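Note that subunit A is present in both complexes that follow, paired respectively with subunit B and with subunit C.
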Partner chain A sequence: MELYSPEGLRVDGRRWNELRRFYCRINTHPIVADGSAYVEAGNTKIVCLLNGPHEPTRSQMNTQKGSLDIKLHVSPFSTTERRKVTRNDRRIQELSTILKNTFEQVVILKNYPRTIIEVNVRVLAQDGGLLAACCNAITLALVDAGIALYDYISAVSAGVFDNQILLDLNRLEEQDLSSVTIGVVGKTKKLSLVLSETRLPQDRLAKVFEVAVNGCHQLKDQMDAQVAKKGREKAITEELKTNWVQ
Partner chain B sequence: MTEIISIRKPLNPNADSDVESSDEEMLEASLAPKNNNQSIVTPGELITEDPIWMRGHGTYYLNEKTYSSVAGTISKVNKLLSVVPLRGRYQPETGDHVVGRITEVGPKRWKVDIGARQDAALMLGSVNLPGGVLRRKSESDELQMRNFLKEGDLLNAEVQSIFQDGSASLHTRSLKYGKLRNGYFVKVPSSLIIRQKNHLHELPGSITIIIGVNGYIWISKTLYQHQKSLPSTTGNNALDSTVSSAAAKSNSYTPGQGSVSITRLEEESSWEIYSDKNEPISVATKDTIARYANCVKALAKCDIGITETRIIAAYEASMVYENAGLLLDEETMKSIGEDVLNRERMRG
Partner chain C sequence: MFKITLSPAERSYLHESLSCLSPIRPDARLNKQFRPLEATCSFLPGSNGSARIRMADGAECLASVKAKVVSLQLNNANSAQHLKNLIEVDLDINGIRDDSNLSSTIASSLKGSLVKHIPLEKLRLTHRYAFKLFIDIVVLSHSSVYPLTLLSLATYMALKSTKLPLLTSTVNDRDIEEQPMFSDDWESSLALFGDSSLSPPLLFVVAVVKDNIFIDPSPEEESVSENGICLTYANGKIISPLQTISLSPKDNTGINSAQILKAHALVKEIGPLVVKSLDEIVSDDSIKTIF
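Right after this comes the complex of A and B.
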């Protein structure tokens, strides 16, 4: 099987610079969570529920700034073959830590002393780009919960195949290619997250980053559009509420 | 600059209305600021480069520019610029009537979950203890704090003050505050509650509702004392008078009431406010409570602000459904919400 055909098409029919279909919603679970989001990137599907900021237990208390707790749950049915999920999978734990370190930089935690923000990320289906999709889902959940952020973080993966850069890898491509996942702060070129689990040719790195950053900006626009749309809907109901009081 | 191709979900007329083509969305976005004067900002969006504004909540300052840190609407009060988030936890303010749940009994204080960022504190000194208002608090009171309020107990209270870090201090030094019983607890988003003069209402069907500003709502059977002490606030006079007279009739016989001496009366009643036992509640009343609770849930589901009139309107609309449990159906909830709004429009 060829990952990139001479005609310039990938296994799923995309061009090299094409993102998978990205679909996101916020406020999916308004009752059970303070902030919630659902993200689909191609066939990767993520639900993120956020609770907080709320009272922490004694050991988690930090009087200077808020604490952030991110838990990643990978469903056993998320891959093509059902896999038993062990509680302390090293890879999952590492990903959680990476996400935590990323978001501790972007959430204005000094505004929330003596509190904890609990984030639960549930992976329903994975088809590559797991970390990137989780990152996008957490950003949206934080925005939905009304937690102060410096900016959005949008993430995407990119890889190299025979000198050809491929954006937003799916599972098949991810298995065979060397790739990197990056997270970008807003519409800047600042990277808040870089993770590569494979080796990358150094001379291609700059170009890979450039393509990935542009992909992130595209995703940021789509997430922003969804947030703004929810905001306008809310503004209308808000009007309804205040009209009554007057 | 590398170009990036991206596709979206195709437009499907049968799907949710929120799936729109990008063209439509762009059109909508360009129209929005003109239509409503309050525009939406999102995190990281530049609000102003003008340094004359004072930066309030929901903003941050970087390189002499003010950015938004939350998604919400801009509010300008004199020179203070802040962004009001669309959603968020309840922020206590002095004087708020709230419903809360005890989470912890600590030294001379209870910790109360009121749905805010941090648990509120209820000091031993700011509750009414059995034995009269003028009683001094002794060490023995400190030791038996769990006899008054223990973990898991619900109470209604007023926010007395706000600490430096934003957490609240409560008090229950009034007859209308204190421990809650004989009822059912419902939680709704606090943004749906409008601050009003009165948050305790009598509803038709001898039901009392406490709409906590924090979005915690308590629906209970109306007690005999309430009938006496509270002026009726419902506009629906004819209905209300029949209700109260019926309630008065059923409660007119209170055994042993005449036999309590005047000096013991206060103590007796005070211990009663910390009682854990429910009064006998008839099946009919329980059903009414459940119906009201589901009406509140329906209003919350439709994102309608929750007020006494709307709850009554929803209750009346719900009478079409015989079983209160049927109200939990999503379609039913939506139809009740629409019903309530239609009634309001008709009234003008």
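Right after this comes the complex of A and C.
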């Protein structure tokens, strides 16, 4: 299969620097969770439910700062070929640890001593960019729950095809190309997450990062627009409520 | 999951009002009325059929149906037993272990009722090959003690929206083995329940308080109920399994035949209405995102 045509088109018809369709919603589960988000990046679909900050059920309590617990559940039907993934699958555990380490840096945990923030991420469909989509979903769920963050973390993957850099890889591209997933803090150029599971030529790294950071900024804008939209809706309903009471 | 704790006075009040001659439910529903629910289907591009159901109290369930081509062992004499293996039900309830008692009981009662009501012959492709259906159910959150109604509604919709690709290669491979080939055009795919007289079963859990039967009991109602009955509805009639279940921790009183008959009549009355409204959602293919 041709991953990048001479005319400059990829397998799904995108140009090299184009993101897949990004669709996100926050506050999707207002009753059962304190914060919730739904993220679609192309055909990758993630639901994130967040509970907390609340008192930990176990005795392990940190008096200095809050603790963060991220659990990743991969549904057996998420891949093209059905595959049941157990909860202590090594790759899943590794991804959860990476997410935990990333978000411990961005959540202002010192504001929440003696509490736990429980995050459940459920993967409904996978089509490449799993870690990036999870990262974006968790950010949105944290924002929805009103938990203090230093800034958004938006993540995206990028890869190299010959001399061409490709942004936001889908599953087909991810299988064949060397790629890296990065997470960017807000609209800065600070990286809070870098994960590469393949070899990547060192001389391309700077260019790959530049393209990916650009992609992250686009995603941040989209996420921000969604949060602002939800905020406006909330403000209107609140206003209606107070007017109705008067 | 929510824990409902009612004071003795509240429990007694609720129990009294539910056991009246004309019972009053806390949310003013009729005894045959469901709480509002929200449903979508066919939103997973990688599955043959999918559905999501959310109840008003936030209880939520996702179901996916995935088909895979498997080869049948030919020298197996017991072919009916063999066809039963073409359906696999997998259940994942958030916060409950997969091998827990609740999880395995629900999965087995669902599978038992599904095997009889899925047109197994439609899964048979050729003499040597058949589709195997993997039904995966994920409960994101639930409030009921026994969330079978929720699961069953989602499974019903997922099965109803299931489409299988059209076989283009020969059906008869008795003599020469041939890999089955399918049409690339998804438009020509066949619905699993397209022209079938069968319909997936629906399982309803009803709560019993004195002589009254309540459909879709809320957690509060469950906690004061004396008994629960699980009934299966398919193709206009009540079928087996019919079982009693305990919905509340308090001592269950026995169940009498009048209560079973009442439950039977109630489910028979609402069954067609539930089927009709779910079928309407399945046939409306304008919505393709879940949230």
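In the analysis below, the second predicted complex is superposed on the first by the 241 of 246 C-alpha atoms of A that agree within 3 Å, B and C clash if a C-alpha of one lies under 4 Å from a C-alpha of the other, contacts with A are read in each partner's own complex, and residues count from 1 in each chain.
The rule is simple: a residue touches a chain if its C-beta (ideal position, glycine included) is under 8 Å from a C-beta of that chain, and two chains touch if they have at least 3 such contacts.
These numbers were taken from a predicted model, which means no experiment stands behind them.
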item: Clash-or-fit label for the pair subunit B, subunit C on subunit A; value: clash
item: Subunit B versus subunit C as contact partner of A:Q218, first or second or both or neither; value: first
item: Which of subunit B and subunit C A:F209 touches, first, second, both or neither; value: neither
item: Which of subunit B and subunit C A:F103 touches, first, second, both or neither; value: neither
item: Which partner, subunit B or subunit C, touches more subunit A residues; value: B
item: First, second, both or neither for A:Y150, with subunit B first and subunit C second; value: first
item: Which of subunit B and subunit C A:Y23 touches, first, second, both or neither; value: both
item: Subunit B versus subunit C as contact partner of A:F161, first or second or both or neither; value: neither
item: Touching partner for A:P53 - first (subunit B), second (subunit C), both, neither; value: first
item: Residues on subunit A lying within both footprints (that of subunit B and that of subunit C); value: 23, 25, 30-31
item: Parts of subunit B lying in touch with subunit A, wherever the complex brings them together; value: 1-9, 18, 25, 28-29, 32, 36, 38, 40, 42-44, 58, 60, 67, 69-73, 85-89, 103, 111, 113, 117-119, 165, 167, 187, 189, 192, 194, 300, 303-305, 307, 341, 344
item: Residue numbers on subunit A that touch subunit C, as the complex places them; value: 23, 25, 28-33, 38, 40, 43, 45, 47, 49, 73, 75-82, 84, 120, 122, 124-125, 127
item: Touching residues (chain side subunit C, partner subunit A) in the complex; value: 44-47, 50, 57-60, 62, 64, 66, 68, 90, 92, 94, 134, 136, 138, 140-141, 289-291
item: Parts of subunit A lying in touch with subunit B, wherever the complex brings them together; value: 14-15, 17-19, 21-23, 25, 27, 30-31, 34-35, 52-55, 108, 112-115, 143-152, 167, 185-187, 210-211, 214-215, 217-219, 222, 224-225, 227-232, 234-237, 239-241, 244-245
